[in-house]
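Structure incoming, see below.
Every chain is named by a letter (A, B, C and D) in the order it is written, and numbering of its residues begins at 1.
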Amino acid sequence: MKIQEKFTVDAPADSVWEFLIDPERVAAALPGAQITEKLDDNTYKGGMAVNVGPLAANYTGTVAFDLDEEQRAASVRARGQGKAGMGNADMTMTSRVVELGPAKTEVTVAANLSVTGILAQLGRGMMQHVSKRMFKQFTEVLARELAP
Amino acid sequence: MADATAKPRTSAKICGMGHSMKRKEDPRFLQGKGNYIDDHTLPGMLWLDIVRSPIAYGKIVNIDSSKALEIDGVLAVLTGKDLEAYGLHWMPTLMSDTQMVLPTDTVMYQAQEVAGVIATSRYAAADGVAAVEVEYEAMTPVMDPFKALEDDAPVLRTDKEGQEDNRIWHWEAGDKEATDKIFDEADVVVREKMHVPRIHVASIETCGCLADFNPVEGHLTVYMTTQAPHAIRTVLALVAGHVGLSEEKIRVVSPDIGGGFGGKVPVYPGYVIAIAASVVLGKPVKWIEDRMENLQADSFARDYHMDAEVAADAGGKIKALRIKTLADHGYADAQAAPSKFPAGLFSICTGSYDMENAYAEVDAVYTNKPPGGVAYRCSFRVTEAVHCLERIVDTLAHKVGKDPATLREENFIPKEAFPYHSPLGWEYDSGDYQAAMDKAKEMIGYDDLRKEQAEKRERGELMGIGVCSFTEVLGAGPSKDFDILGIKMFDSAEVRVHPTGKAIARFGTKSQGQGHETTYAQIIAEELGLPAAHVQVEEGDTDTAPYGLGTYASRSTPTAGAAGVMAARKLRDKARKIAAHLLEVSEEDLDWEPGTFSVKGAPDKSVTIQDCAFAAYTNLPEGMEPGMEATNYYDPPNLTFPFGTYICVVDIDRGTGEVTVRRFVAVDDCGNIINPMIVQGQIHGGLTQGLGPALYEEMTYDEDGNNQAGSFMDYLVPTAVETPAWETGHTVTPSPHHPLGAKGVGESATVGAPPAIANAVVDALAHLGVTHMEIPIRPERGWGALRGEGGEGGWVVSVMGWGGVRASQW
Amino acid sequence: MIPPQFDYHAPGSLEEALALLGSLDDAKVMSGGQSLLPMLKLRLASPANIVDIGRIPGLDSISEEGGFLRIGALVTETALEESSVVADRYPILLDTARVIADPLVRNRATICGNVAHGDPANDHPATMIALGAQMVATGPNGERTIGVDDFFQGLFMTALEPGEILTEIRIPSPAGAAGGLRSDSEQSGGAYLKLERKVGDYAVAGVAVQLTLDDSGKVTRAGVGLTNLGFAPIRASAAEAALTGARLVERGGLRGAFSKVRDAITRAPDADEVIAAAAQAAADATDPVADRRGSVEYKRNMARVLTGRAIAKALARAGG
Amino acid sequence: MARHNVTVTVNGEAHSREVDSRLLLVHLIRDELALTGTHIGCDTTHCGACTVLVDGVPTKSCTVLAVQADGAEIGTVEGLADANGMSALQEGFMQEHGLQCGFCTPGMLMTGTALLARNANPGEAEIREAISGNLCRCTGYVNIVKAVEYAAAKMAGADDDAPAAEEAN
């Protein structure tokens, strides 16, 4: 499943970039996500709880960052394993930060999400809705946090 | 020899061939007294439930059973490593490929068995499954069979020595050079690419077993949902012989089966895990699949990607056929096909038409899908062959501007040409294709429908008429060609008449709803003149039934049915000797009317078959072996070739693309008919299982290997509302080589219905430039075709190719 | 498929139920259980407690009073189908109930459960949107009424608080008294249309339309709700706006006697254009995802096709 | 995990069991009461093989908890025949060949029995709609429809017979 989004934030490019490469802040902006342990400079252990009504899916796994400071491009690979045979989730997300003005920044995100298991079997449509929604929430938090 | 159109030879009391005898098995099924696998329990019985892979391809990093084992009632968790210790972690498929029972390091498809949890109840076992933690390192699965053949595709079966790519085998039939030459010189060539999609038998009962190993005697009894108990026992002995389970210590019992359709022929890992668990724990272990396991892990059917071409003259006379096929077998070639026929009987693809030459080839590949594929209500790839031919013949008719029925009639093999030798090597036993076509056209009112269609088209309404004139090949088969794992595909019957004139007949086949208890009794009644009500039929217990290869591919009547006839005839011959003895005449002086020997010219001097049976135990002629029992192992001299013409009328909703089957007439010719009621029922069921893949059913996967039709939410089995009121008729062209002139019927309708329906939909849209629709024809596909209607500039949207919608110039 | 462990509670009164919801951790309300139990069996949900409201007396009534059709929490789809007041005056509800799952499921499934589940694939939400229904939630602090537009908040998400139970749905009675919901001055009619892959399936697309016309044939109120075409059940506001105020049928001074001269009533000259515009507006309001039920493009188009047909059917029922 | 005392009357006979909260009604019937005529086919309320009557209402027993049925009258396929033999509907299935493998048959019979109880003379479309929650893979439904029609006709005939018999007196 591919997700492509582009949005602008009323904040300087530097602060947007700092936000995007800070695992703790990114996790805080994603409902259900948490970082539990730092493995090395670029790799963290974490968890993701997705709750949709009565439906609950919990993933634990690792997040690895690969940063290109010069291009302001961050590549994140998150791999999680679901509890109780729920299957796996594997996301590669590349975000790019482009300065549009002193307090105007464009962020483009291309994500490739691969989910396996029962959720992907029964709820492919639902997953698309949920990931779109989560992405929207993330950008809202980002905009709010960085708002002048 | 009875003829269904003629009066039955036997009285209603005897109820031999041609009587619509009510089924002997019905009272127990109607009163909740059937005995299906999940109805079995044994003292101390444990439950197996299976941990399955959520991913399609990847390495197993770790299996942690500790939390599962803490659950009250969970006794053990079996993994591939545990089975490896016994050398039981791999098993052969019926097609001489190999597959894992449980993996030791790699999973190859979603829902693959990963570990078995043994517990004291269904509920505890399910909790145990949820508590086993398996860590995987996922790899990118190969889901597209075409990509599986590309150079950069990973080699999936690294376990197989010498396997350097994902090819399994290449098969071909016919004279390629001669066929190509005809194509080069032909007036007209038409071509369609088509996919007969991956589907599932979806019998309402899932699979399961109850394995009961007696550690004291070293004896194993397995009650299991199998269509082929004897073959399964042999396979089990081959798999587990080295741990002491030799064939005489294994008893396989196939109880009442809630639908098989080919899906209950293979050995699934669950059976083997249950057996292993019973052996390890020394207790009976039951395993019953749930529906999602059944749909996601058990053998699929079909999945043939075909590129078909027909060469013809300008008038539409077919000259040659050429088909190139890619077969997606998933992780392993687990077909249940005869050994020498890796592509099954696909070479029946020249069908009902007389042509000069043909060439067909099939390449089989591995992908990360469950292994298969089974002959789902189909005599080994006949469905694929018939769909391909019957669809492209319509394309030809369209191209040369002929009515599809007319084009078929002009190409039929004439009835005087039988026995007919097809270009791909079959000897068709008998046929009268025009008779079936005439009857179907008359029943449905073909000419009036064409007028109605023309009027509706004027008004912009979409109505289509689809024709299919198929020829099947059944009854595998003659031992010179047909075997499974080396075992010849004969079948068997054993008939014993008791002193009081009642009989038991045992067969090597296994009914799954076909009504063998009734039809076999009628066969014995026909031959011996005993009332069918007095003939008890038994199948499915390897300790009592004679060895046979089982029930699938419509082979029961052609093989075991024939064996029953031959065994009964042996008894009749013996009875004649006894009758001569009792009546004190010579055998030549006796007349036989079903049930009675009488003295020629003195009909009041007679004895009944029951008298003879009593005498066989009480008053024998000198030197005669006592008893009234005979066995026959029947090796058919040829296959049988049933045929028929189906005509279907559909209406299409212009706005949504929804297809409604308004009428469907099926005229079948399956030779002489044993029980017309049962034959009609078989056709109704087969038609519905043809309707499913034509309009609704398909097993698909996303790019990550997730099954997208893994429950009845998405695997769309037709209900009574979608299913039309089938109309059936028949013609009778007896098989010259079957002792009853019967041909077998269980599968014709599954084979013939999909192209009839697809042809009707294409016919409804043909004026818009549509030449082909992939099945299942979901509303969106029809709508996609409609969308381009009226498009200016010569472009219309056609639904073609392998599943896709593409714009094509018309 | 075996549900995970949970504790089952069967309160005998609403008070008891609310007290249980207040005191138990991770409790889920169950009425017919036809959505919840399959989720449990698939182990997609695993609440620690289930509070079965099925034994609470007084919640199974369906009645028309106080200007509302009032549907209690335990009214089953079958009861709705068998209700004469529904058949006579709310045919859109009958349309909806009849296409939900299958008759056996409908014997246990409840309308309130269908709505409270918050699944945009469920059929009643769109109809409730078209009808402008009100949801009565009962919680520890008593009853509150939530308008349908505030009720559905997303996939499986509603305005119900964890301690609340959807105890009643109130549907405003259409103007007028009898049959085709007409009065001297107004008449109304509605329809629900659903495209499904086969009987019992969730909708590829579903459209509910409820129209009220004045005696000049002008639409005074239009409700258009959409099923399974987005993250939540959708109100197609632009479609409603396109219909509202439009004169769709010619009346010709037939006040008070519509039923007798129905044949004389004709579609207004530009009605087809208005309907087409409304149908397109409904399609534009959708936000579907591609899945086995169809592509985004197909689903949008089906929203359009079904909206057009539902409007026509609603008009016919309104006596137009 | 809570356990509950459940009493159900099945085919006229009362049974009490202590069950877990999560025990499904179909497992109470099959595993605890050993009435195995009721089957399990799909687990997701699609196939109807598990259909029983709960207080006369046809219900998919795989999607009802046993505790929910506490106090209910339950009818299963085992209760359809009586001392006079099979019911008109069971007879209809036999006469019209409305079953093949027999696995869906108990569910079909229970749905059909309930249909005939509320509609003595259903038309073909009504029958097809009524059984649309019961999947059959063998018969193609044609003969199931005929079986219900057979039963309806027979039951109507039986009613007709009754006054005729009185007249004869």
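We take it that contacts are C-beta pairs under 8 Å (C-beta built on N, C-alpha and C of every residue); 3 or more make two chains touch, one makes a residue touch a chain.
Treat the numbers as computed from the prediction; the structure is a model and nothing was measured.
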item	value
Dominant chain pairing [most C-beta pairs in contact]	B-D
Chain nearest the overall Cα centroid	B
Distance between chain centroids, defined by C-alpha means - chain A, chain B (Å)	49
Centre-of-Cα separation between chain C and chain A, whole angstrom	36
Between chain C and chain D, centroid-to-centroid distance (C-alpha), Å	31
Multi-chain contact residues (two or more partners), chain D	20, 22, 43-44, 46, 129, 132-134
Where chain B touches two or more other chains at once, by residue number	122-123, 130, 290-292, 708, 711, 713-714, 719, 721
Residues within chain A bordering two or more other chains	84, 118, 122, 124
Touching residues on chain D, where the partner in the complex is chain B	20, 22-23, 27, 30-31, 35-44, 46-47, 49, 76-78, 80-81, 86, 90, 93-95, 97, 99-106, 109, 124, 127-129, 131-145
Parts of chain C lying in touch with chain A, wherever the complex brings them together	28, 36, 39, 42-47, 117-119, 154-157, 230-231, 289-293
Of all residues in chain A, those that touch chain C in their complex	52-56, 84, 118-119, 122, 124-126, 128-130, 132-133
Contact footprint of chain D on chain B as seen in their complex	22-23, 25-34, 36, 38-39, 122-123, 201-206, 256-261, 290-292, 512-515, 677-678, 680-682, 684-689, 711-713, 717, 719-721, 723, 725-726
Chain D-facing residues of chain C, complex	1-8, 10, 33-34, 37-38, 40-42, 50, 52, 54, 78, 101-105, 107-108, 199-200
